[in-house]
Structure formats: structure tokens, C-alpha cells
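By written order: A, B, C and D. Residues from 1 in each chain.
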Amino acid sequence: MKPAELREIDRPWRIWASVIIVSILAFSVVFGFLVLPIVQGRAAGLDAFTAICRAVGILPGSPAVKQPTSEAKAQPTTQVAWSTDLMRTFGRRTQAGAEIAQGCVACHGEHGIAADPQNPNLAGQSAAAIYKQLHDYKSGSRVHDVMTGIAQGLEDRQIVEVATHFASSARRDLDPTTAEVVDEDVIRLVERGDPSRGLPACNSCHGFNAGGPIETPTLSHQNREYLARQLQAFKTDARRNDIYTRMRSVAVKLTDREIERLATFYATTLSY
Amino acid sequence: MGERAVTHARRLTLAHLWVAFAAFAVAAVLGVWQMWARSPLPAPYLTAESYFTSVTAHGVSMAYVLTTFMVMGFGYYVAETALGRPLPLPRFAWLGFWLGIIGSAMTAVTIFAGNATVLFTFYPPLTASPFFYIGLVLVVVGSWIWCGLMLWAMLDFKRANPGVPVPLAMFATVANAVLWLWTTVGVAAELLFQIIPAAFGWNESVDVGLSRTLFSWTLHAIVYFWLLPAYIAFYTMAPQAAGGRLYSDTMGRLTFILFLIYSLPVGMHHLFMDPQQSSAFKFLQMSFTALVAAPTLLTVFTISASLEIAGRLRGGKGYFGWIAALPWERPMVLATGMAFFMLWFGGGGGLINMSFGMNAMVHNTSWVTAHFHLIFGGTVVIMYFAIAYAIWPTLTNRLPMSPRLQRLQLWLWFIGMMVMTLPWHYLGLQGQWRRVATFNYSDPIIAGWGPWVIVSLVGGIILLASALLFVWNLLQFHSARAVVATDLRPIYALAVHPPERVPAALNGFALWNVLVLVLMVAAYGYPIAQFFIIDAPEAIVHRVNGRG
Amino acid sequence: MALTPHPDLSSQVPPRTDDAIDDAALERVMREVPSGALALSLLTVGLLLLAWFLMYAFVFLPRGMVG
Amino acid sequence: MRADTEQEILKTELWWTALVIAIVTAIMLAIIYAGVVHHINPPSNIETIDPKTLHLTGEFTESNLGTRVEAGDQVTSRVVATQFAFQPQCIVVPSNRTVTLRFATPDVIHGILVTGTNVNTMIIPGYVSQVHTVFTKTGDLLMPCHEFCGLGHSQMWATVRVVPEDQFRPGPDGRASCDAR
């Protein structure tokens, strides 16, 4: 066949294919961009222009309903907000951080491992977690006789530095005699949670591969007494600087016995 | 045909298909365990992390490894057998294969190390180990090599045979290659510009609205990439296997062209419930989605007519008598029948999913899981089985002694899939939601779902039995006694009126690529641009591969 | 190579003459095709449309307005 | 073989295509009908909100969450979806009255459905998700998180308590909560 003939049998295909596709496009635009929003908007008391703008996404809201107004007033539980800049500053260990950490030795130990089990170990803790708590002490979201004063003496930059310092310190060694005590019920809570109470697995935030909230602290190698006291504080609403009740909503569902056993588990078990 | 050695393309095909089916077998085991975990029966090894590790591995194996290797391997086979020419540049084909292997292995290692519990559809701002994504990118790059080779083989054929229509099987395979090149643009942009930088820690935040929109670009068309081998089998293999002719070669070409056009500007129907896209663009893409039903409904008729020819040639009478006269004992025919049966349910579910506001009734419920397991796991995978049974004798020059086990395997798959997915449809309508490791069966409403979950678990067990039997059946080919190659009949169907000349529009993709571009600009232009216009707030990255 | 044919084997690999279609037979059946296919397709697609409308009218609309 | 039947075949196929188009059109018309008469749209609301500061300012701070009757007797419920709980975990709404549900998240992707209703939306960090609806059946409805949001996803759900309109008694500040009842 000659090229001219080939073009001849091909031409109607090109024309009709284009016509059909453009018609379908036109149909969709007419109904989706014009007819539906205008008709829906009229019933909701919106003018045609507003309704169309909402339908194509230039204005917020549905073309079918009036947008509600908000009379809300802000009362944040914490002042900490994660930003990309803040996240980038973690991880660079500085001399300044080590110097600030000297002020923590009395309660948290020389290498971030506390002698008094009522105080938390800081060594190996996530920098974001330490930052959040120090900042909360400073802003008053979390209150402690000693810590509030100390935190108020720190600038934001210093908080980052000291948090990074402790994050990169070596964690507490575990007592090998207690490390092997297996508590099946607690392991179940840690790894699976309890569906009947809507309790997520502790691991879904505190596990190593969790991808949970940024400020989630590491719990393993922590002191038993400190863990138990904090869980109780969340449970009784005495401590409420967790964003959107993430920890309060969990702790309130735990029994006192479970709190004790969980604290023991994290304080004594390797690899969590 | 004569005596022939196993050619290069056939070795390629065997290698690809064995990788595909090995991944499939592993994924089938995981799938059953996941259903066990979700049921009221206590499952072993169940933790939150193990469940989502398993779901990730199941999805990646089934949706990326099984499909990509199947499509590639089958494509090499078609390129050689339908064109009757040796595959060009086989070294590049092996390069693509090894890229895919390395990528799959890298992905598998990160998943099973627990560093990629983000499922196969990612969910940023959650990010996995970067090697999870890089592995997937390597698989895609390997498949791009395949796309290039398919286009090359077709153009080579055209140059050597001016004016001769490209055989339908090859035309359809190239349609799939072109479709895949378009399809992967969205996910490639998401991975390369958003997720991989975030996973490496170069970025601490990600624009989630944009990444979901880019993924939606890929998310529907990819399903058609998986589906097209099944349709190639419907058009070019089933009529021959039944002893008939293809009713219309032209409609076959049109069907594959329609798939190319209408599977791309439709992905936003996966975002119907998302706040960051507007109702007008959702409507626009819904209209195109509705038209994706067209090529399937055309196929239903054309393939019915082709099989009717076979049935009537075998003495079938009346409106429906030809159905009974079909040679149902042949695996390809049996699989085609089952595939269409499952397509009815799966496609019906799909029509509801795509219906704009109606999607709210079922979005992210088990209904959707049922829908795609029926269409992909049912219709498509059962045709993968049939294709394997049809081409394995020519790949190995061997035959098993009896196709009885093949028929049993197909029946088990069909029954298992129906038993598993029909309860899921019902549960989805009741509100049973997706991607959950354990349900709270102490809630009275959810307790009522329990028995149906157990029924679907039984379906899953049947499916696992079928999957293992499938692998066993393929192994039988390799150990069977050799047969003379001349006994192997040609597998491709002739049309009632074989095309002598076809317009360029039905012999290539230039026109259709232009139209796809127009539609993609209309459907995705502003919806993507808006994120740069409104300066959407980004979300902080949440890494699942160790806190850092 | 010698082959001991299993009775079922023909379903897998019919001798090539078996399915060879002679033009006269094809022309004969093409007078009736595609009446059966039309009947089957109409039936199944009709049922599909019916099922869609049943879901639309009896499940979707009663579940109430959203927007 | 007969020479002229290729055209016949294509003609038959063309009729079938016309029927297919008619079927697709019928479905489209039903969808448009639902949109025009029942005002059913997918929930679309391109209203941005910064997830990083969600808890600091504006309407999604902790003390503002839950149900509230606002100007023009508009009942609005604000819910935050976070890893791995809703806040609040129970909202109370009146039946047979237009209710606006507004959702936002400070962290990752979530989603909700309310069982037995058409209430369904994704919750995407960066956006306020909004669903306007009318609940007709009273009782406690389950509102699970239906989108994978991390390892605790399976245990994330809330309750929507639909009460008859005469039993819906917001306090003097317009607020209504499940605890108060």
C-alpha cells in the first residue's frame, strides 16, 4: 500500500478518536465544574462563583454546604512544635552540650545514668524526647520542683545541645540476673496491646522500629520507679503535657498492677 | 515448527516466571496467616510488628514481584513466538532481570528485618529504610528495560514487514509496555523527589497531599499493567484453546488502546475521600473511570462470541447450548470461564467503588480488599496460571502425564477466592475496616463479624492449597518425559477475518500517546500544580527503621 | 520420542488436525454467531446493572447525605 | 470464507459498544442525580492547616475538641486523629440534624468511617477533613481509624453517640460531651 493510501485509512481514526475524547472531557467539565456546584450551591445559599471556586478547590469547603465558623480558643498543653529546622539540629554533639550536662550530674549521674531510681536515666534517650520535656518544664507544661527552675535557666539552643549530648551517651547496662525474667502478660501488652480495651501495643510507639510520635521516649534501660511514677501521673491526669492525650489515653486503661509490671519489664529487659 | 532447542527468549521467560511464582507462593503463605491473625482464632507469632511486616511482604510480593516478572517473562515469550523472530538484545533483557532480582532481594531483606512496615503503598510521612524504596526502584528500572525491548521488537518487526499488521498478542504486549512507562512516572516522582530523600534523612518533612496525588497517578493504571496479560490470554489464547476463532481482531486492538487511554487519568478515584483534592476534579476523573468499564464490557462480548464459535463448531445449539459444548476440560478454557465469573463480582464491586459519593459507603473497608482480590487475585492470577500451563510445554518441551491436577488447582483457586471474598464484601458493607492486625471481638457488633471472618479464612486455606499445587504442577513439567516438539500446537488464535492491513492508529501508539498526554494534563495538571500554588504545609517524617 | 498417551492428554495438546477448522463449518456457524454471545452478555451485564442499582437505591441512599 | 462479513462483525460490535455507553451513562446519571438532589459529594475541603503547630493555635487545640453548638445552631464536632487514638474518644451528636464533623491530624495519615453510614473521610496531615451529614439512627456507632497509621493502627477507634434531638443538651458554653450524659 502506498503511504497516501495508508494516511487515508488512518485519518478518520485520528479525527474520531480526538472528537470522542474531547467530548467526554467536555461532558465532565460541564457537569463536574459547572452544573453540580451551581445547583448544589444554590440550595446551600452560595452564589454560583463561590460554589464553582469551592468545587475546583480554589476556596475551602464543599459546594453543597455552608462552611462552619469557629469560636475556638487556643489552650495548648505544650509549647513544643516539631519543625524541620529543629529536627535537623539534633544529632550534632557539641562541647557546649557536655558542659551543660555537668549541671545534671547530681540527679542524673555522671554519664546520664541516675543513682536514685526515682530520677530518669538520660543516657541513650531520644534527643527529641529530652528536648520536649526540658522545654515543657521551661514553659510550665510540666512541673517539677527542681527541673522547672533548671529548665527556665536554659535557652532553646542549650536545650538542643544538652539533649543531643545525652542522646549519644551509652545506655545503662542491665543486671543480667533480672534480664531473663519472662512475664507473658506484659510481653503481650508490649507487643500486641489489648484489643478489648483499645490498648495499642507499647511497641507501636516505643518500639525501635515504630515510627510513632516524634517525642516518644525510649523506655528500655529506664529506672523502674521513675517509669511507674510517670505512668501513674498520666493515669491520674497529674501529668498532662502529652500532646493530644496520647499517653494519658493509654495509661488510664492500665491497672495499677500492670503499671508495676510494665515498669519492671522495661527496667530489666534487654532489647526493647 | 519442527524440533527446536530452548531459545534464549524461552530461558528468559522461564527465569522470570519462576521468580514470579516463587514470590507468589511465599506471599500466599503470609496471606493465610494474616487472615488467621484477623480472625477470632488465636494466631501464632502475632505482634503488631510481625503483622504489618507480613502485610508489607504480601503486598510487595504479589503486587510488584509476581506481576512485574510475570508481565516481563510473558512479554519476552510473546515477542518471540508471535513475531516469529528472535528477541533483540537479549543481554539487556538479562540486565533487566538481574536488576529486578537485586531490587527484590534488597526489598525483601529490609522488610523481613522489620525496617519497612509501611505496606506496599507507602503512607508517607511514615518512611521505611531507604533500601526498601531503592529496591523497588530497581525492579521498576528493570521493567523499563523490558518496555524498551518490547517497543524495539515491534518496531523491528514493522521495519522488516512494511504494511503487515503487528500480531494482536504483540500489539497488546506493547500497549502494556507503553502503559507501564506512563504509569510509573507518578510513583517514580514520589519516590525520587519525596520519599527517598526523606528516608535518607536529607529531608525532615514531606508534602503528603502531593505524594498521595502522585501515587494515585500510578495506583490505578498499575492494576491494568497487571491485568493485561490476562486480557492477552482472553483474546489470543482462549479462542484457540477452545477450538474456535477470535471474533474480531479490530475490537481486540481497540480494547487494548482503550485500556491505555482510560487507565491513566483516573487514579484520583482512589482519593475520593481525601480532603486535598476538589470535588470537580474528582468528578472529572470519575467520568474517565466509568469509561474503563468499556473495554472490559467489550471484551465480555467479543470473547463470548469467540467462544461461541468454538461451541457451535463442536455442535452446541441455541442461545446457551454452545456454552455446554465448550471443551471445559482444557485448563485455558476452564480458567477463562472462571476468570469471567469472578470478573462479574469484582467488576460489579469496582463500579460501586468508582461511583463518586457512593465510594463513601465502602472506602477503606474490606469491600475494597474483596474487590481487588477478586479482580487481581481471581481474574488475573487465574489467567497467569492458565498462561503458565499453556506455555510451559513449549518452554520445557515436556508434558505432564495428566492435566487433571491442573484442573483441580484451578477449581481450588476459584472456589477459595469466592469463599474468601464474598464474606469480605458483606463485612465491608457492615463497616469492617482495612489494614488491621486484630479486631476487638469483645465488641458485640464486631463479634457478629467473627463467623464470617472464619469463613473467609477457610477460603484462604483453600487458596494456599491451590497455590502450592500450582507450584507442584509446574515442577511436574520439568520432571516429565520429553515429548516431540512438533506435537505442540500453536497457541495464538486466528481471527475469523485475519487482518490484512490496519490503519496506523491500530498498528502503533503515536496517536494514543498524544491523547493520553492531553487527558493527563487535563486530569492531573492543576491537581498537582495546586500544591505549589497553595504552599501546602508539610508533615514531619516518621521513620519506621529505628528512631533517629 | 515415544509417548504413552494418557486419555486426558488430548485436552492439553490436541493433534493439530483435531481443531483445524474448515471454512465451510466456520461459515455455517458464523450465521448464528453472535446470537448466543449477545444473549449471554446482555444477561450478565443486565444483572450487573441491576445489582448496581439495587446497591444504590437500597444501601447507599438510605445511609444518608454526606458532602 | 465470506468476504463481506468483517463489516457485519464490526457493525455488531458497534451496537454492543453503544449499549455499553448507554450503561455507563445510566450509572453516571444516577450519580449526578445523587449529587443534584441529595447533595452528595465526596468530602473535599482544601483547607490547609499546619500539622506541626496543630496543637498550639486555632480550633484543634486540646481544649476545643468535641461537639459544640455554634453560631446559627450549627452543630460542629472537632476530632483530632493522632497516633494511636482519637481525641476525644467519644463524641455526642443529635439525630436528624445537620452535623459537621471536622478532623485534623498532627502526625501521619489517618482516616475514619462511621459504621452503617456514609460518613467516611481520609485525614491527611496538612488539611482539615470535613464531613457534613445527618445521622438518622440513634445509638453508639463505631468510628474506627480505617487507614494504616503505624503499628498501633489496629487499636485506634472512637465512638459516635447519636442521641435523639430532645436528649441533646449542650451546656451553657454550647459544648456537649459523652461524659456529661
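Operating definition for what follows: contacts are C-beta pairs under 8 Å (C-beta built on N, C-alpha and C of every residue); 3 or more make two chains touch, one makes a residue touch a chain.
Quantities reported herein were computed from a predicted structural model and do not represent experimental measurements.
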Exercise. Tell me, please, which chain's centre (mean of its C-alpha atoms) is farthest from the centre of subunit D?
Key: C
Quiz item: Measuring from the mean C-alpha position of subunit A to the mean C-alpha position of subunit D, what distance in angstrom results?
Solution: 23
Quiz item: Counting in whole Å, what is the centre-to-centre distance of subunit C and subunit D, each centre being its mean C-alpha position?
Solution: 40
Quiz item: What is the distance, in whole Å, between the centres of subunit A and subunit C, each centre taken as the mean of its C-alpha atoms?
Solution: 53
Quiz item: Can you give the whole-Å distance between the Cα centres of subunit A and subunit B?
Solution: 35
Quiz item: Going by the touch rule set out above, which residues of subunit D reach two or more other chains?
Solution: 1, 5, 16, 20, 23, 27, 30, 34-35, 39-41, 43-47, 52, 83, 107-108, 116, 118-120, 128, 130, 132, 150-155, 157
Self-check item: Multi-partner residues of subunit C (at least 2 other chains)
Solution: 26, 30, 34, 38, 41, 45, 52, 56, 60, 63, 66-67
Exercise. Any chance you could list the residues of subunit B touching two or more other chains?
Key: 48-49, 117, 126, 205, 247, 277-279, 282, 286-287, 291, 297, 301, 351, 355, 357-358, 360-361, 438-440, 496, 530, 538, 540, 542, 544
Quiz item: What graph shape do the protein chains here make by touch: line, ring, star, complete or other?
Solution: complete
Quiz item: Can you name the residues of subunit D that touch subunit B in the complex?
Solution: 1, 5-6, 9-10, 13, 16-17, 20-21, 23-24, 27-28, 30-31, 34-35, 40-52, 83, 107-109, 111, 113-116, 118-130, 142, 144-155, 157
Quiz prompt | Of all residues in subunit A, those that touch subunit D in their complex | solution = 31, 35-36, 39-40, 43-44, 57, 59-65, 68-79, 81-83, 193-195, 198-201, 203-205, 207, 210-214, 243-246, 249-250
Quiz prompt | Complex contacts: residues of subunit C adjacent to subunit D | solution = 23, 26-27, 30, 34, 38, 41-42, 45, 49, 52-53, 56, 60-61, 63-67
Practice problem: Could you pull out which subunit D residues touch subunit C in their complex? | Solution: 1-2, 5, 12, 16, 19-20, 23, 26-27, 30, 34, 38-41, 43, 116-120, 131-136
Exercise. Note which residues of subunit C are touching subunit A in the complex, please.
Key: 67
